[in-house]
Amino acid sequence: MKTKLLTALLLGTSILGTTGMALAEDVTLNIESWRGDDLTIWKDKLIPAFEAKNPGIKVVFAPSAPTEYDAALGAKLAAGSAGDLITCRPFDKSLELFKKGNLADISSLPGMDNFSPVAKAAWQTDDGKSSFCVPMASVIHGFIYNKDAFDKLGLKVPTTVEEFYAVLDKIKADGTYIPMAMGTKDLWEAATMGYQNIGPNYWKGEEGRAALIKGEQKLTDPQWVEPFKELAKWKPYLGDGFEAQTYPDSQNLFTLGRAAIYPAGSWEIGLFNTQAQFQMGAFPPPVQKAGDTCYISDHTDIGMGLNAASKHPEEAKKFLSWVASPDFATIYANALPGFFSLNSTPVKMEDPLAQEFVSWRGKCKSTIRSTYQILSRGTPNLENETWVESANVINGTDTPEAAAKKLQDGLDSWYKPAK
Amino acid sequence: MSTATRSLPRTIGAHAILITYTVIALFPVILVVMNSFKSRAGIFGAPLTPPTPKTFDLIGYATVFGQGDFFHYFQNSLVVTVASLFFVLLFGAMAAFALSEYRFRGNTLMGLYLALGIMIPIRLGTVAILQLMVASGLVNTLTALILVYTAQGLPLAIFILSEFMKQVSNDLKNAGRIDGLSEYTIFFRLVLPLVRPAMATVAVFTMIPIWNDLWFPLILAPSEETKTVTLGAQLFLGQFVTNWNAILAALSLAILPVLILYVIFSRQLIRGITSGAVK
Amino acid sequence: MDTETMAAETRAKRPIRWHVGVFLAPAVLVYTAFMILPLFGTLQLSLFRNIEQSQVFVGFSNFRTLFGDPNWSVNFWNALRNNVWFFIIHMLVQNPIGILLAALLSSPKLRFTAFYRTAIFVPTILSFVIVGFAWKLILSPIWGVAPHLMDFVGLKSFFTPWLGKEQYALTALSLVSVWQFVGIPMMLIYAALLSIPDEVIEAAECDGVTGMAQFWKIKLPLILPSIGIISILTFVGNFNAFDLIYTAQGALAGPNYSTDILGTFLYRAFFGFQLQVGDPNMGAAIATIMFLIILAGVCVYLFLVQTRLRRYQF
């Protein structure tokens, strides 16, 4: 009731505001974001919670489509019309903005000590001295499966690669379900849900990722080619015409109950919960041999920073401190199951599927996506090329070796690891 | 009037080709609109069948209307489109007349200069345009959009209109001059009515990219008060990527206003074309 | 019919004709301020490089990178090749169909023309968002509209996921674009055909020139200037195309860059994509090259084609 009254009041002031009669002390903060999906959560839960505690500050969540976000934001920052708070992509995209002076240094912001160095790493300068975004959430990769389908076919959740293919074979032989819902049309599914999902088990997570950055390993080394070889084996288990299957197609195939396994990111949980009419479960990327250490991609994905040109830096900092608080973390993680808080204070989550995903943090070693830090700074861009090549490998238009070689050659053309 | 009778088979042939192409043109649109009235299972189960009592569902529309003020967005789009169109047609016709009617030094160069704009995507000038708007305080106003769209529409308008104006009879204009009409009167009273078909064509061509533009509303006027319907629909798509009921409903709603606008214009267009031909 | 005049006029030169300026001024002002200045402000970036956060003049070095560095040149030539194919399909499919439809529509006493005309133009008024989405649905192997329809006519075995196959995707999208834009040549030619005076047609019919012969011998020469316009508009439009590929295939123009055209290539370079940070300098260099290509085409049209076309005044 109270929040309703408050929103009504705020609505009133916003109308008055446009006619130039706003109270002098009312400050409006605009949030730039690509998360259009979260609009209602911000509007109904997060912003009212903040505004209730901070009278006089009004917050507007103004998302643009993910595909246009970076270009639009760049233009607005350059011209000086961007919002006060900027939702941050991880690593170089935001680092670039910081270097240009678009993002303010918030290393000393109250609340930043709520985060571990690993969580902060995605939004720091290479030397780790300055932070420029408050970490909001990470996403974990794995596989979501249709429990009803597994029960019906008497399948057990696979833990090793061998079991994984055995399960896929059985689903295929039965014929009721498409074994795996994934397409290559949008390219990124193949790279993100495929290569980056199963890869860490082969390159041993952080160990391989760090070695790649140092130049001690190459993408043509067996531990980096192996995930491509696995992807190449996925082809027969995908649906008919997977080459033209888009990401929403894949989601719909799975949630309509036509596919049994979905190579996933945890961000799907919220949507799948509302759309799927069956029980779901999740398993981490299968390991090569029983007993191997498992590695998962627990990718720092989203943060929030302060526009250096903001006219209300004090109010904006207040907001950012709140974003860094456990209060925010609890509301956010529960409203968006699958976006896991990076806050050091443990967050209690209700969603069983989200709990399953987050439980892997205890069993497996976490890493982030291999292409994100430093390696995608040049042309050709390693991440984008990984999208293209992962799709090529699954489509069968490139062999795993050829794909790996292309990526390494592209990287070599501009990247000189510090020796 | 000659009474050359068209042979029956030829008429049937013409109709056959036109009907075939009409079906090809309309099929995707009908598919989208039809499926927007169906339940999720109906959309996926039998996309080609019209909604039956069993699959009929308005859930998509309910979702769309629960979100955002589409009526207000629509108003914004209308204001921007109509105002830009007016300026493009007026300024464009004037410039085209000057280029096609008078010989002056640099005529061809001026023509080329005014055509440069269709050769570079205006999107590239985004940052500079935005800076200009920030400096003049026009960010988040519809005026900013109207100015940019007017500039963007002019090259094509001038290009097409000057081509058509060259076909207007010189005798007519010269007769006007002998009667002592000013050049302005000649333009507004004699020439403009004669190029109405071309004006209508240019109007339709100009209207479409303005109505459908996503980029400049996103950059110049993304606020809730100035959002256009295309931008609103796009954000909506981003928010409901997998909710096909909602997407199809939103797309149908986005098609509808342009369709109405077009049908209205199309009457004018054809009236213009035919009245231009009958002299 | 009036005498045919070659634009030359013999009016005496007057000292200053203010009205010429008045006619030109509004268009030139708005256009210069909001289009030309911003655009050239951007294009001149192609001669600079961002070094340590400041723009340093580097001459033609960006162009050398574009053509000399295989990381750029391979993509550039690929995009250009695809773009040429995109254009060829439009010229061979879109414009002939447009002329055919216009010719049929303009035939006297044909009924329902208003309906056909309106219906065929409908795709042109749709936004790329709608077109991209609708065709992705139709061609989607999951949704089954296209396979189902092809099954209907017994061609199901010919169905493949076109948009996902390197060898077909570009052609498929070109045809979608043709579907969308065929209304434009149709309308322009239709307007041109209608403005042919009845007397001309009647005279032809008196001479026994009817039907196909009438179209080829009488009407076609009269609408040549309009065909010139649609050709050059198609050329300019195709080499500036971007939105359809972007909405249907994304900025990476998959699969394996097989649908990459200059517009998408430019977008990635200029604005960046995903982890790729935008590089306005290289972007401006690409835009400059695109501009020169289009300018060359337009100049060919303006100076070689247009001046030779015979124009008829009615």
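Some notes on this structure:
Think of it as A, B and C in the order they're written, each chain with its own count starting at 1.
Here, a residue touches a chain if its C-beta (ideal position, glycine included) is under 8 Å from a C-beta of that chain, and two chains touch if they have at least 3 such contacts.
Small disclaimer: the values here were computed from a predicted structure and weren't measured.
Taking each chain's centre as the mean of its CA atoms, A is the chain most distant from chain B.
The busiest chain interface, judged by C-beta pairs in contact, is B-C.
Chain A and chain B have centres, each the mean of its CA atoms, that are 39 Å apart.
A separation of 16 Å divides the Cα centre of chain B from that of chain C. Touching of two or more other chains is recorded for residues 252 of chain A.
Looking at chain B, one finds that residues 44, 126-127, 214, 234, 237 touch two or more other chains. Listed for chain C are residues 143, each touching two or more other chains.
Chain A makes touch with chain C in their complex at residues 67, 70-71, 74, 89, 91-93, 96, 99-101, 183-188, 239-246, 249, 252-253, 371-372, 376-377, 379-384, 387-388, 391-392, 395, 397-398, 410, 413-414.
By the touch criterion given at the top, residues 18, 36-37, 39, 60, 62-66, 68, 72, 75-76, 78-81, 247-248, 251-252, 255-256, 271, 275 of chain A touch chain B in their complex.
For chain C in complex with chain B, the residues that touch the partner chain are 2, 5, 7, 9, 17, 19-20, 22-24, 26-28, 30-31, 33-39, 41-43, 97, 100-101, 104-105, 107, 109-110, 112, 114-131, 133-135, 137-138, 143-145, 148-149, 179, 182, 184, 187-188, 190-191, 194-198, 201-202, 205-206, 210-211, 225-226, 229, 233, 236, 240, 242, 263, 266, 270, 280, 283-284, 287, 290-291, 294-295, 298-299, 302, 311-314. On chain B, the positions that touch chain A within their shared complex are 40-41, 44, 126-127, 130-131, 133-134, 139, 214-215, 218-219, 222-225, 234-235, 237-239, 241-244.
By the touch rule above, chain B contacts chain C in their complex via residues 1-2, 4, 6, 10-11, 14-15, 17-19, 21-22, 24-26, 28-29, 31-32, 44, 47-48, 87, 90-92, 94-95, 97-99, 102-104, 108, 110-129, 132, 147-148, 150-152, 154-156, 158-160, 163, 166-171, 182-184, 187, 197-198, 201, 204-205, 207-208, 211-212, 214, 230, 233-234, 237, 247, 251, 254-255, 258-259, 262-263, 266, 269-270, 273-274, 276-277, 279.
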